[in-house]
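Chain lettering (A, B, C, D and E) follows the sequence in which the chains are written, and residue indices restart at 1 in each chain.
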């Protein structure tokens, strides 16, 4: 799916090193995603997956390494600027505006867009019928899984070029999870790059073009999703057999 | 995404150093005379004494806020109610007051409490609103029928000089404990009603309760003469005049090279200081013991996350009530001590800016959750609060110095007293800027 | 010698607008004496200001503590409000043997306080004013009145004294209700007063505080159109605020007849402040009394000169008006006797407070006119 | 039974004053609530900032008056208001930059903000006094009354009079307009929604491309406008004294909280609740009862409680409301 | 152990739990599944005393516990975890565990003044137990970390760890698995089984991971729209057409489907 005119991957985060306080959490972590690719990060809890996502999004000061998006070095940019460069992010927790209605949550996703957002919104509602019913309800009153759907919907509203999802399927029911993965494939097919963290790793790796296994802030395995799934060692240690 | 940043570790030397700096400030105040300090031991000690009382108040607030996250802005009310104790305990009895209406008054108060208890029983037994209302209305009528004539009689008794119920003539030190008990009782009643409220809602409720307590003190003349004030509350320490007439003391003063008046002032203040220190240290000791044990851990857990603490078997309501009562009792003790030190009960002076928010400033500047922090913050802020009275005008004097003479300069110089607030504000902002979690942060 | 004189007044707090006028009055007298060069062999007088806050007894005590023990003042003009005055007097001034002469603390409680002869005031006790006010009202045929007072020892003391005197004379007080100063709104108070009714409304408050708010609301709602104003209210501010709206109202304040006051007003104008502002004249007198007493006692030690205050204040002797302080000092230095009259016709009665001459004023055609003295 | 007189007495002494006072509190509470909702702290400097804005407006008004400018029956101060708002906006933006921004970056606890605002309050308090002094200032001009007592009596022939000051009417009208505009802004415009989003979840707002500093600036500017308008209306209707502006802080907070912190509708409801409970509960019903039941001569004033307890009464009502609705009438936030 | 009778919980007009009746047998590991918004968490919250029911009753061992506050339920042996982790964020991980036991004398204020020795002994015992739990959860290295700084999954582990600090009778787990690494989830599953066998805990587990449910739970209760839709052994339930339609779905379709609408 790589576009021939683009020798370099669309997103390339090289050798990221950094953390919250004095101690580093990331130890030279590298992530790359091409246009239209789905990249999945898996790994044990506390491995630094969310931290790596935040680092890519510019929410964490990096001591080393750089982030390049579409050929441009965006390492010094603030998160807002990265949004304008076409990055969208769904954090793992606190990923909705609780007192705003579902509809307003989606509108906020489209904050940087100046065109008509109604069509995208209709598509989101289409994708998540459960939240469509609740469009006038405050998002904070939704169930855990419904919130998760709103959060993903919000990011889709941005119409990003790179969509970053931190455990989008945590707490959603199997049927919705399948729908969601389906949708992610669809999105990727339109040329949008996807970088996501997943603990529902087997399903996620099935659809992944590239998979990263992150352990203690460093890349342990990097391969196609299929290859990782096929590796018994990876399966046993990281994917729960 | 977590909002936590890893807090920089705090040096264990920080508190001792800051206390040392504070001590130096007081030493300077006592010895050096310039634009910043007055060079008088009397002033230094006077500030220190009030600072110690503030420290005890701050400890009380810290128990409620720092340990349990209860936002009590009714501090002024609990201070005031504690201040009632010296009046009722240690003042000599007022001739005729008791005879005029004492028993009836007690009866009335009993009737009032009885009514509330009855109402509660009826409520629990029958759950009928109208029955409760009936009890309340009946009780209220009975209460007023007993209460009003008693109050009129007491207030008419020697209205110009007394007009109040009078005290018991007991030693004033006893009233400190009673003050704590008064405040604890009030806090218990308040807590039963208001502790269901959260954060700022609790704050405004307690603010209101504080105002109500003060309003009662101001308007119920039979209690402590209301706004007419009570002066000459007995002291637990010698009077300066007595010392000045005591030849031994005069000799003693001469030996140290002080004038008698000065020496007597210092002596009295030292006596007070000792008393206050004893109380302060005792409270800190008990508080630290509790805090450094599972009780303290439980409190921190409750403060962090009430829902989870509740699910982990902690009776959050009961614990809140406990710590609210304890903290208020400490504030009440401070209130009684303050009235003892002032020798005067003047309800008009209980304003929330001075007795609630300034105390809060002390707690936060000191570092909430930390007892030593509260003490440090209290003494420091009180020192500043008093000293800015001089610093402010001096500051403006320096600032306008280069200006040409004229209306503007005159206007600014004329406004010098208002620099008091500006200076206070600046100090507060600076401290918060350089120690945003307080001078001595928790742990 | 440089003699320091303290001033403990409420420069910040609820009466912050009254304090500057008082300080200016006191400083005027100090300057006058200082410039004459006649006090104790050419001593100069240096005023030291302290902020008593008016409401915070602890802060006031600390201030006076500083004035006395750090600045070493030889006398204090102040305190300003009664509560704060009592606290600082008992806790600091008396133990240190320094005289306080208050221009404005008028609570009756100060008459009986145990002061070692160290406390005086150039204003009368409120107990006296209540009687005078009742007298004037009866003469004007006001038989029933509503009373509102500022809720502090001054207001309450005055209102109670008045109510007692008025009722004794056969009048009726329809309601005796407090108002708090510095409140945002006085409709509740005015509603209550209006409901009780009466021929006139007695406003025992402060003109730049709740008092004016009450009058304003009472006028606007038509609740009352006739008012009786005691000392806290009488002042130019009242005329400025209400003009002819309060025509037909009257009042009284401690101030004496005659030249003294006029001279003081002229001097104040020259010095650039408003001499009519409340207790400014009394402050002048307080400062003048202290300095003359020092001269008479030939000592700046307060424990010594405290004994001359009554002498200087009262007859016999030559009458001294504002602006005559140099002359007074000459007389005293020459061994003569003076009777300080000053700006507020000072006449001291035991235990060291102004006997209370009151000036009766009435408001007509938007102006305040002095009707007489009693 | 004289219903008309009873009604007029009630309107004149209870309803109209309480409505005007309620509107003033509501405006103040709106500002408090807005800052609470978006910047998440109780701003103690609110009253003193109101005083500052009003002081500037007064100075400009005097200037205009001396130039002979006037608005006919309306107070000239309305013309000066924009200048006051602008100056206040500059001041609060400067304060934000110098003080609050630091704590935002630190993600300090709300209580730290509150204490910083106490510091700001002290400074602002002194600043206003340096600017305009401590005295009472009057700057009201234009027509004083819409209905004056005497005229009303003559016109209606009733024993009771009715007064409606133009400032009272103005207050209520302006409050209504300002509230409507604020609601429209917050609920309909993109910037308004961005503000609410920021108030809900700061980090996520960032991820949506909302510029937090812009939201903060906007909040302060709107708050400055609200504060100045509230302060000027209050000053026009009552009088201007810096000290009173500190005192009004407590009822304003009470209003904001009982209505539900962070909720604009609540602020308005709270303002009126506080005002009416202060006035109505301590109102002696003797006069009204006298008109309604002419034969009845009650001994007392038929007053539930003395006016000295009026503030206490309004707080009791607040507490009772909070007991039944723990986050205020309109379910506000709590941090 | 737990019997729920015709339970309703409405939010305004919305019926989140709409007449649910179910039983949790003593000694079982009961699974509770259902689509998002089915009312599972709400049901938990009502049972655990966090939300009052609109109507209906809850019994524990035959005793009516409807509306009892959570802390009393805790002392009756009913523990729960939260779907969104509720850690004590400013306390260390170990403290998070140590605060749990409910019978500490050190929690009585006057005993902290007069019975230091006894408190110290108790503390040592509780600390030992906490460390065991930390070892078990593989987060011993985080002993002194502030709980607020944990990763999402680590917080979930801590939630579970707290229930292991005391001898519970019944534990309600609200999506312990969400966000937890599958390998670790396997271990957690083992732990649940062991606690169930060895210590006799009864479990009621909400989870969306069907492998987990299938491995552990018997019976499984399915909720939908506030009502109980089906109940039975896990493999049975997973064949149920209603359940498949409402909840399980039929797996990924899109791998084979052509590209759809664009977002």
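Everything that follows uses one rule, which is that a contact is a pair of C-beta atoms (placed from the backbone, for glycine too) under 8 Å apart; a residue touches a chain by one contact, two chains touch by 3 or more.
Computed from a predicted structure; not experimentally measured.
Touching chain D and chain E at once are the following chains: A, B.
Chain centres computed from CA atoms place A at the largest separation from chain B. For the pair chain A and chain B, the distance between mean C-alpha positions equals 54 Å. Work out the mean CA point of chain B and of chain E, and you get 46 Å between them.
One simple way to say how far apart two chains are is to compare their mean CA positions; for chain C and chain E this gives 74 Å. If each chain is reduced to the centroid of its CA atoms, chain B and chain D end up 30 Å from each other.
Of all residues in chain B, those touching 2 or more other chains are 1, 5-6, 218-219, 418, 420-421, listed in ascending order.
The multi-chain contact residues of chain E, meaning those touching 2 or more other chains, are 149. Taken residue by residue, chain D touches two or more other chains at 129, 133-134, 203, 246, 306, 308, 311, whereas all remaining positions touch fewer.
Of all residues in chain D, only 36, 42, 44, 99, 102-103, 106-108, 111-112, 115-116, 118-127, 129-130, 133-134, 203, 246, 250, 253-254, 257-258, 261, 306, 308-309, 311-312, 315-316, 318-319, 322-323, 326-328, 334-335 touch chain B in the complex they form. Listed in rising order, the residues of chain C touching chain D in the complex are 13-14, 16-17, 20, 151, 175, 177-180, 182-185, 187-192, 194-197, 208, 212-213, 216-217, 220-223, 237, 241. Against chain E, in their complex, chain B makes its touches with residues 2, 4, 6, 286, 289-290, 293-295, 297-298, 300-301, 304-305, 307-316, 322, 326. Of all the residues in chain B, the ones that touch chain D in their complex are 1, 3, 5, 65, 193-194, 196-201, 203-205, 207-209, 211-212, 215-216, 218-219, 352-353, 357, 360-361, 364-365, 368, 392, 412, 415, 418-422, 424-426, 428-429, 432-433, 436-437.
Interface residues of chain B facing chain C in the complex, by the touch rule stated above, are 33, 38-43, 46-47, 50, 159-161, 218-219, 226-229, 231-232, 239-241, 261-262, 264-265, 268, 338, 341-344, 346, 348-349, 351, 354, 385-386, 389-390, 393, 414, 417-418, 420-421.
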